[in-house]
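Both complexes shown next keep chain A, but they swap its partner, so chain B is in the first and chain C is in the second.
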Partner chain A sequence: MPRIRPSTLIKASRDNPLLPLLLKECRTLESARNELRWLREHALRTSQTRTRQQPNPTTPLAEWKMHLLSMCRQRSRGYPLQYILGDQPFGDLEILCRPGVLIPRPDTESYVIQAAKLVEQMAMAEATPSERSSTDKDDPKPLRILDLCTGTGCITLLLHALLSPRFEHLRVMGIDISSKALSLARKNLDHNLQQGLLTHRASTDVQFHRADVLGLPTGGGGDDDADGIPNVEKILSEYFDQPGEMEMSEDLLAIDLEPGCDLLISNPPYISTSDFRNGTTARSVRLFEPKLALVPPPPRSQQFPTPTPTPTPTSAMGAVRPEDIFYRRILELSYKLRTKVTVLECGDIKQAERVIEMHNFMAPGQDRFQDHFDVQVWPNTEQDMAFYGFHHNDGSRSSDSSR
Partner chain B sequence: MSQLRSIPRALKLPLKQLQVPLQHRPFTQTHSTHGKKPLPPRLKLNDEDLSVAYLKGTGPGGQKINKTNSAVQISHKPTGIVIKCQATRSQSQNHKIARSLLADRVEAHLKGDQSPSRVSIKAEAARKKKASKVKKARRKYRGLEGESAELEAEEGGEDDGEVVLDADAGERASEDGVGGRGIEEDEVQKVESRKNLKDKDESL
Partner chain C sequence: MLQCGRFMRQPLRFSLQPFLRRTLHTDLGVSPVLLTRARLLAAEHAKLSNRLADSFDAKIAKRAGELAPSAAILKEWDNANESISELKALLEDPETDAELHTLATEDLETSREALPSLSDRLKKSLIPRHPFADLPCLVEIRPGAGGDEAGLFAYEMMRMYMTLCSRKGLRPTILKQDVEDGPSEDRLLEAVIEVEADGAYDILRTESGVHRVQRVPATETKGRTHTSAVSVMVLPSFPESGSASDNALNFDDPTSDYYIDPQEVRVEKMRAGGAGGQHVNKTESAIRLTHIPTNTVVSMQDERSQHANRRTAWQMLRAKIAEARQEAREQELVQLRRGAMGGVAKMGRGDKIRTYNYGQSRCTDHRSGITLHNLDDVLAGGDGLESVMESVRTWISDREVEAMVAEELAKAEEQEKKEKKEKGQNKK
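And now, the complex of A and B:
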């Protein structure tokens, strides 16, 4: 981290004595000024509501100033701004943030909007030939969306907000292993309904479930994990009403079947243990955000050497890096559900390439149907954009990279 | 002492008399027409002419960092006008604000001052509002000065200026509905800082 120049510090303290505190975390004067403005607005707003609720003349006069100072001190220690203020805008929504749940990132926001556009385009392309059958209109199939590792529920809720005007029948499900995250996601649903940022339909269209995404199907010993967390496949088979079809059919017939899910989107933990410690992960993230949402757990086979049969394609592929284990599992689920579009957030371009490689190896029937799957990378930095030439062509599957 | 107590009463009397007709008067005397008259539609910008930058870094991103900078920068290629907005924490909100500001700026650039554009109408309204504010303030303080001068003349110069000032302060406090002076001071501070906030937002 480059050091802050003393001249900048002097300039900041002349401007406002609180700015040097914020500079410690923000690093640039411009963003420190912005954060101070937002913190001051927050302090004023809370003091106003407090005095309105219980007018107390004995409270210290500059109470909001003390509040502001303590918030700036917290911030200088690296405590995330979103935890201090309690929320983060995400698209047009207001997502509540609480310690223990990952804060939504702007990168995620931009590719969720892009994914929603892609789904709309595909639906428009499909709608034109199917207009001939009127039966479809009487009982249209809902658009099914699955969000794995949902956290605050931000992706799930934003997709509903973006797609509900276009699709009359919509089912969005968010899944997470953390009960803290799930209760926050439900709170976010209620909060955005109250604010009028989501239509009332969201209360029935959106569901949140607790499940372990990594949990492998246990062979008949019960559907629940050792910790009592339901296995993801059990939830999915109930939700997508296809109990028998969840088994991965090596048979190529599966490809011709109707897709079981329209969009599978996920922002799984993807930071490697070495990257978590070597300084590439910001201090604020490392110290205050949940490691559960950032670094994938060590492979289970080492913890419990149970004789669970690993799926054949992965064992032949060779060792999967520990930071990539979520992608292998999610790709597997997406084949089982016959997902139309899969969108995955990756840590960097190299990780995205590894995911593509994994997909090329695992995809059923890839050897015979070369053009059946289409992989796209949506780069996020200018450097990577130049590298990929940034061209788009619609396809049945896409893989997203965001860094 | 009895004389001292009578001073605020003497001050209050003319005010109370004034308040009766005040209630029947409309609250504002400025023209309310420019609020009703719809503004001409905002200039539509072509998406192809715009280039949007979300100020992405070159280092790692995603889960590894938690940046709070939500600045959006839009440039209009034909005119070369660039607008950067970081007023709110919301990227989409900043985008909307930047876009509307850019539309106004481009319109002003293309049309100039001669034709009635959104920008010129708004500027004119703001100018009028400010002028009437200044005028009102001037009228008010001229009136107050005149009153106190009359008072001094009535009392025959028996008391010193300090008492008049005190009475005046008490009058103001009771008008605001605030009990003590200390709280009032704090209120003023709050209002000032809120005003600063607003000004900052507007300057963006």
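And now, the complex of A and C:
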């Protein structure tokens, strides 16, 4: 992290004595000024509502200034702005943020919007003009979307907001392991319904469930994990109500089977333990955001190398890196659900390449149907952020959409 | 016009005959070229109405709606003229008895009095409607020459427009407010107000131009009066895509005049390199758009969401480019008219349009020439400001009528020349 120049500090303190505090975390004067403005607006708003509730004429002016000062102090210690203000805009939605749940990032926002466009385009392409009117009105088969590791529920809710005008039947499910995250996700659903940012349909179309994505199906009696967390596959099989088909079967190789899920999207924990410590991960993130949402847990002895239902043995594709374990599991689920589009957020371009490799290795019947898979990497130019998706039913191998 | 007015005020003092001949000649203020134009429009309106009676078509209905006021006023004007000529005939008739004669004289007088306002309305109805007149608008305020003082006054102007708009119920919001470095919040670098009400562009377009302030600034220590300038731009704000059914203003349509090719716009997110995604939690949301062919730059950082900043930035870029294109088109027209008008008829955005003088507590608009000695009310966005704006609106429509006459005249002349040429060729 480059040092802040003393001249900048002097200039900042001349502007406003609170700016140097914010500068510690923001690093540039411009962003510090913006944050100060947002914090001041927040302080004024809260003090206004407070005085309206219980008028306190003695110290109305000093109160918000004290509040602002304490918020700036918090911020200078690296405490995330979104936790201080309590929310973060995401698309057109307002997502509440609470400590213990990962804050939505703008990168995520941009690829969610792109994914929604992709789904719309695919639906347009599938329905020929004569059929389109009938699919819109009569066809009861909903568009099914699954969001794994949903956190605040931001992806789930934004997808509903973006796609509900186009699709009359829509079912979106968000899954997370953390009960804190789930209760916040449900709160976000209510909050955005109240604000009128989501249509009333969302209350029935959107569901949040607690499940362990990494958890493997335990055979026989115990459906639940040792911690009492339901297994993801059980939830999914109930949700997509096709219990028999959840098992890996020969049917899967038949391409004419109806896909079970239209879009599987996920922003799983993907930071390696070394990246978490070596400075790649910002201090504010490391100290104040939940590690559960950032770093995948160390592989449990029962998980690897126990034989999985996948026909590909782990050894053949090389050991899965600990930071990639979520991708492996999510890809597995996506094959089982016969997902049309899978969108995954990755930490960097190398990780994205590893995921593509994993996919090429794991994809069922890849030698027969290779042409039916389409892999795209959507890099976020400045940060080398890479996202990757593939289509099952797309015959053409479209070129990279990146610039 | 002037000549007629003089006659109006002292009617019937002369013998009737020469007076009548003269009034008929000037046709009470509507020049023949305008009259032919009005007749053409009315004929078109009649034709369109007939077609609408048979079958409905949204496009035709819209055009007919635009023409309806001109046609209606022309009819009224015709009626008035007709009754005047009938009355005159009555007066000229030697068999009319004395009682009827006085009645007719009175009637003639009232009809004549009504005529100028009718002609005025007729002329105004002929002015083609501004393409952006129905749109909401963005008001961009930037300090010009004058340093700190200009920034201070720009802030006051922003407040002035905010109060004016909220008083009139036009729903203003501040989209952007960049302040200068310094301890105070009241030195603007740039501000953009969005006025959401439909038709706000038409109301506020009188404000585009350079506003000059003369006063002893708060920063002055020796009591000298300074002159500084603030430039105001009123830009059209286009509706969100999809809702626009009007193809001419639909910026998503590549054939539209106001279409911007996304390929020609460079988008810059002001973010440092390094790891992104879950690794960092940057709150910087600034975005900068550059339209490469015209080198128009818009940057936004006010909102916490990059998504929202991007949308506002696009809205402003679109507004700026549409205004520039419209201006270019008007400039072309001015070039065409220049020969006929013998000068520049348009005040550009670079022209000084208004002076606010604190020492004399006056506000003068240099276009309409109006001077108000109630500066406080003007700066508070009160009725004073509105009356200034109203006077400018009248001035603008007068200029537009003049330009229209000049244009029609030029057209008629050209037509004549052509005909002469053809005749000459035929003779040969």
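The rule we apply is simple: the second predicted complex is superposed on the first by the 348 of 403 C-alpha atoms of A that agree within 3 Å, B and C clash if a C-alpha of one lies under 4 Å from a C-alpha of the other, contacts with A are read in each partner's own complex, and residues count from 1 in each chain.
The rule is short, and it goes like this: a residue touches a chain if its C-beta (ideal position, glycine included) is under 8 Å from a C-beta of that chain, and two chains touch if they have at least 3 such contacts.
Note that the coordinates shown come from a computational prediction; the quantities given were computed from them, not determined experimentally.
Overlap between chain B and chain C is detected when the two structures are superposed via chain A.
In the superposed model, A:S284 lies in contact with both chain B and chain C. In the superposed model, A:E345 lies in contact with both chain B and chain C.
Once the two complexes are overlaid on the shared chain, A:Q207 sits clear of chain B and of chain C alike.
Once chain A of one complex is fitted onto chain A of the other, the partner contacts of A:Y270 extend to both chain B and chain C. When the shared chain is aligned, no partner comes close enough to touch A:S13: not chain B, not chain C.
Using the contact criterion defined above for the overlaid structures, shared-chain residue A:S183 touches neither chain B nor chain C, since it reaches no partner. Once the complexes are superposed on chain A, the part of chain C occupying the same space as chain B corresponds, among 74-82, 146-154 or 380-388, to 380-388. Shared interface residues of chain A (contacting chain B in one complex, chain C in the other): 26, 30-31, 34-35, 38, 80-82, 88-89, 91-92, 102-103, 105-110, 267, 269-271, 275, 280-282, 284-285, 289, 293-294, 345-348, 380, 382-383.
Taken together, the chain C residues at the contact with chain A in this complex read 181-183, 269-271, 273-286, 301-308. Interface residues of chain A, counted against chain C in their complex, comprise 11, 14-16, 26, 28, 30-31, 34-35, 38, 80-82, 88-92, 102-103, 105-110, 113, 267, 269-271, 275, 280-282, 284-285, 289, 293-294, 345-348, 380, 382-385. Taken in their complex, chain B has these residues touching chain A: 54, 56-58, 60-70, 86, 88-93, 179, 182-183, 185-186, 189-190, 193-194, 197, 200.
The touching residues of chain A, counted against chain B in their complex, run 26, 30-31, 34-35, 37-38, 40-41, 44, 57, 61-62, 64, 80-82, 85, 88-89, 91-92, 102-103, 105-110, 267, 269-271, 275, 280-282, 284-285, 289, 293-294, 345-348, 380-383, 402-403.
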